[in-house]
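Alright, structures below, take your time with them.
Shared chain: chain A. Partners: chain B in the first complex, chain C in the second.
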Partner chain A sequence: MKHRLIFTSKKLLRMALLLLGVSLAAFLLMCASPLDPLQTNVGQAALGTMSQEQLDQLEDYWGVNDPPLQRYLGWLGDFIRGDMGTSLLYRQPVGQVIGQRLQNSLWLMAFAWVVSGVLGLTLGVLAGANRGKLVDKAVRGYCLLLSSTPAFWLGLVLLVVFAVWLGWLPIGLSVPIGMDAASVTLSHRLYHAILPALTLSFTGVAGIAMHTREKMADIMESDYVLFARARGESARSIVLRHGLRNVILPAITLQFASISEIFGGSVLVEQVFSYPGLGQAAVNAGLGSDLPLLLGITVVSAAIVFGGNFIADLLYGVVDPRIRRGAARG
Partner chain B sequence: MNHWNGRKRAVILLAAALLVLCGVAAAGALAADQAAATDFTRKNLAPSPAFLFGTDWMGRDMLARTLTGLSLSIRIGLLTAAVSALIALCLGTLSATLGGWADGAVSWCIDLVMGIPHILLVMLLSLAFGKGFAGVVAGVALSHWPSLARVIRGEVLQLKGAVYVQTAEKLGVSRLRIARRHLLPHLLPQFFVGLVLQFPHAILHEASITFLGFGLSPEQPAIGVILSESMKYLTTGKWWLAVFPGLSLVGVVLLFAAIGEQLRRMWHPASVHQ
Partner chain C sequence: MEPILEVKELSISFTQYSRGTMQTELPVIRSLSLTVAPGQVVAVVGSSGSGKSLLAHGILGILPYNSHRAGELFFLGQPLTQERMEQVRGKEMVLVPQGVTYLDPLMQVGPQLWKGSRDGTHRKRSRTALARYGLGEEVEGLYPFELSGGMARRVLIATAAMEQPRLVIADEPTPGLDARSARRVLGHFRELAEGGAGVLLITHDLELALTIAHRVAVFYAGETVEEAEASDFAEGRLRHPYTRALWNALPQNGFTPIPGTQPGPGEVGEGCPFAPRCPRQGPECLGKVPYMEWNGGRVRCLHPEGETV
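== the complex of A and B ==
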């Protein structure tokens, strides 16, 4: 038990350091930006007509004049105390904005994550078990095509087909336009999330399918599968008993590693469908030079990604007893 | 069919793919003027023999715009993939040969870069370089190296442990000579395949980031710009504005992926059977 605790605390410490690095890197990048937040948000024409006092006030609001180090340390101090600052665009606490947006995004991403994982694993196992046959070729072609297709274009095409031509599904947003918040039901939300969730599900399938296929093909050539064949086990039982158990471990790691990819996809997909999620907030924050919000989103999303990797590491030990014992011995 | 072995087929496929890509790039450069020409007598035309991809709301020929956008994408893809592969090569070999704290630092950087969702990182980098052409190139080039750097680091570590390298060291062969005679021949094919396989990613991310508004300016007919502009007109049924440019982008990315695959076939014949 002790080694597990040491392992876990080491991982957590590394994660905290990485998060610190992420926030610093994101902050420095935004500081290095030559784009003037006043120009982008107020506009040249409005700036020209303002008095010096108004300009000073605005510069103060957007924090243009403070030295970067002082700003970063100030941000960090507040962050540790649980305050992520105030979004300059939305004029709400960053934590609140992220919380609201994450609610919309999270189950979109969760749905896509589960679907793409199950689909990728199934396709990979099918292709690997039938290597060289038609199924394998079809899956490989499908994966190649999928990984070459930009997610946002796929979204546009689905939008044209299902929303414009067939008119089955809404064109965008997460709730019907002009409806007050109280009368929005769960079915409305589901109805609006179908297309974005579907589009997002396609990202991430290719990677996991191809890796699983390779692993599965190796297993099918191993001695224990040969022996199982000689004993007269059916192909179905070989795949389920010997293949799947060995394939599931790398698949779990990959699936948790794909969280970052799913998040990236959600940024694009939310933009296409005007879905008010975290990704759309990130784009708005970036375009509007909203430093606190973008910094907050970057740190939160990085925390989600690192958290995913961390869970994968822990699951490794749970799923595979060999690793547990190996760690105890080492 | 005996003389059509896999190697010859790979060379021919490679040449064909390269030829098509060069053709697209050249056609795009030639069609740049035509892509910007507006003509309000022919606006919003659906695809027809005269305008294969249709025209947009300003009467611009979508075929010319798509070709120009693709050639822009190809050029940016080449540039960014080359830069990021070079970064990967330098950092990968450095961390494997120096070891110790340098190795730790590079690994930490890799974890850091991989921890930020990719699109978000490209966004931040592009902002830091002031968006536009410089922003896209810097954003894509500086964010794509970690996975290749990891591969190269692993490869160099493995080579360093190989018996023939250790023997050469014991025989007093100079480090430079070992690097040139023993390490480089193994590393180069891996590096080039990695480089070519970066193109598809680079092109897709360039298009994505431009689509989001952090990339090339709206005056340039990049694929991302075309697609983001088309969003305003899709709901009125002008599907051709989005479908064909995106489809051709997929085609170009597939060609790059095919080139990478064929190169891999030629350099690592054994890997084809995996």
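== the complex of A and C ==
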């Protein structure tokens, strides 16, 4: 137990340090970039009409001339107190913008994450357990096709087929146009999330399936599967009893590692479907020089990705008897 | 007495794909013959890489998909086809593998012994089998990584003793054990034979094999070169020069090493594969060498020992 606690706190500490590093790196990159928050905030035209005195005052107010380190520490201090600053584009606290956007994106990403995980695992296990047979060839061909298809293109194709030609699904956005927020129901949200979520999950499937297939094929060639066959266990029992059990550990790693891919994919997919999620906000923040928002999104996404890895590590400790029992003994 | 297992001129080869579509056959076992009678421990002795594990897998029908098997196999007098192998393996014909890696690392010992069924008879049988080898029922709750080397070996033997096997195939059951534990493990196989089963003991250790085997089949580069009674060794009634060389390489017989190395799969021509290392070889050894009855055993040699006697 004590062992687990130490392990967990070490992991947490490491995560905090990583986040610190990510935020610092992002901050420095933004400092080095030509993005000018003053110009964005005040507007090109207004900036032109101001006197040098007014400009200096404003620069002082925004701290433009403070050294970067001082500005970073100021941001960090506020961040720790829960204040990520104010978004220049949305004129709202960054925390609030991210909260709203994340809510929309979470639907999408959670759906895509679960679908790609389940589908990828199933296809991978099927292919790996039947290596060289027809199922395997079909799965491999499918994955090759998928992984060579860009996500945005796939999104466009789905959009044209299901939204434009067939008219079954909405063209974009996360809720019906013109409906007031109070009357939006869960089914509206789900209905609007179907296409972007499908697109997003498709891109994740190939990677998970191919990696699972590798692992499963290794397992099928392992000594313990050979022995199970020698003991007369049926092929079905071998896949279900030994294959799944042993593929689950790598699958956990894969599944949680895929969070970052899903995040990356969501930026493109939300753009294609005009879906007001975090990915879209990130693009807007970048194009609109909204530094506080961009920094906030970077840190929050990094925290979610690291959090995923952290959960994977914890799950390992629960699932793998060598860690669970080994730790309990030593 | 009807033999439990008869292997006649078994050969096992692998289909290999080199450079795309070029397909070659790699023969690993070429002419393997042996017989196991009820109550007998027959040791198959050969150095590593000579195809011993493949022999075990070939008898059980668990060869890899790119392999091809030819020759005749009989089990309890009936031809042993692939279908029959699938029927009898794990029941009348069991494998005792080499080590703990043959147990599922993420499954407790108990469920592995029960093979997925949870009924009372399986539990009772596993308790009895474990108890027979001095293991308590708490072992059923352990994972393989929690077993010591000796315990793991006894668990593996218990998987065999749980069934009522007519044939036990043990593939290198002793490496990694100290001499005392190794002798105890071999004793367990002897016991299984005394219960009426045939035991095929596969090993590279002639000395250890001689402590429990009734008969010894010597295996060289994919061929059985000699079958002898275990007592033949101490009495000096050997037949094949390779057997003689193995015998002389034992510590108590002077540790004389054999010059040269065993040819690998695909490096053997039509003639005797031992000829290049053989003190008794002649030009005719490059041709086909028959497997024949000789001096109370069998030998694959044109100049076997004892011909002048």
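Please note the rule applied: the second predicted complex is superposed on the first by the 291 of 330 C-alpha atoms of A that agree within 3 Å, B and C clash if a C-alpha of one lies under 4 Å from a C-alpha of the other, contacts with A are read in each partner's own complex, and residues count from 1 in each chain.
Methods note: a residue touches a chain if its C-beta (ideal position, glycine included) is under 8 Å from a C-beta of that chain, and two chains touch if they have at least 3 such contacts.
Model, not experiment: these values are computed from the prediction.
S.K.: Of the two partner chains, chain B (first) and chain C (second), which one does A:L294 touch, if any: first, second, both, or neither?
M.R.: first
S.K.: Please work out whether A:L102 is in contact with chain B alone, chain C alone, both, or neither, and reply first, second, both or neither.
M.R.: A:L102 contacts neither chain B nor chain C.
S.K.: Return the chain, chain B or chain C, that is in touch with more residues of chain A.
M.R.: The larger set of chain A residues in touch belongs to B.
S.K.: Once the shared chain is lined up, is A:A112 touching chain B (first), chain C (second), both, or neither of them?
M.R.: So A:A112 meets neither chain B nor chain C here.
S.K.: Please indicate which partner A:L198 is in contact with in the superposed arrangement: first for chain B, second for chain C, both, or neither.
M.R.: After superposing on A, A:L198 lies clear of both chain B and chain C.
S.K.: A:H242 in the overlay: touching chain B, chain C, both, or neither? Say first, second, both or neither.
M.R.: In the superposition, A:H242 contacts chain C only.
S.K.: Pick one for A:S147: touches chain B only (first), chain C only (second), both, or neither.
M.R.: Only chain B; A:S147 stays clear of chain C.
S.K.: Looking at A:G232, would you say it contacts chain B, chain C, both, or neither? Reply first, second, both or neither.
M.R.: second
S.K.: Can you list the residues on chain A that touch chain C in the complex?
M.R.: 132, 222-224, 226-233, 237, 241-242, 245-246, 249, 320-322, 325-326
S.K.: Which positions of chain B touch chain A when the two form their complex?
M.R.: Result: residues 108, 111-112, 114-120, 123-125, 127-131, 200, 204, 207-208, 211-214, 227, 230-231, 234-235, 237, 239, 242-243, 246, 249-250, 253-254, 257, 274 of chain B touch chain A.
S.K.: Hey, which residues of chain A end up touching chain B in the complex?
M.R.: 17-18, 21-22, 25-26, 28-30, 32-35, 144-145, 147-153, 156-157, 159-160, 163-165, 171, 214, 217, 260-261, 263-264, 267-268, 271-272, 279, 282-283, 286-287, 289, 294, 297-298, 301-302, 305-306
S.K.: Taking the complex as given, what residues does chain C use to touch chain A?
M.R.: 57, 60, 62, 65, 86, 89-91, 94-95, 97, 101-107, 115-116, 143, 145-146, 159
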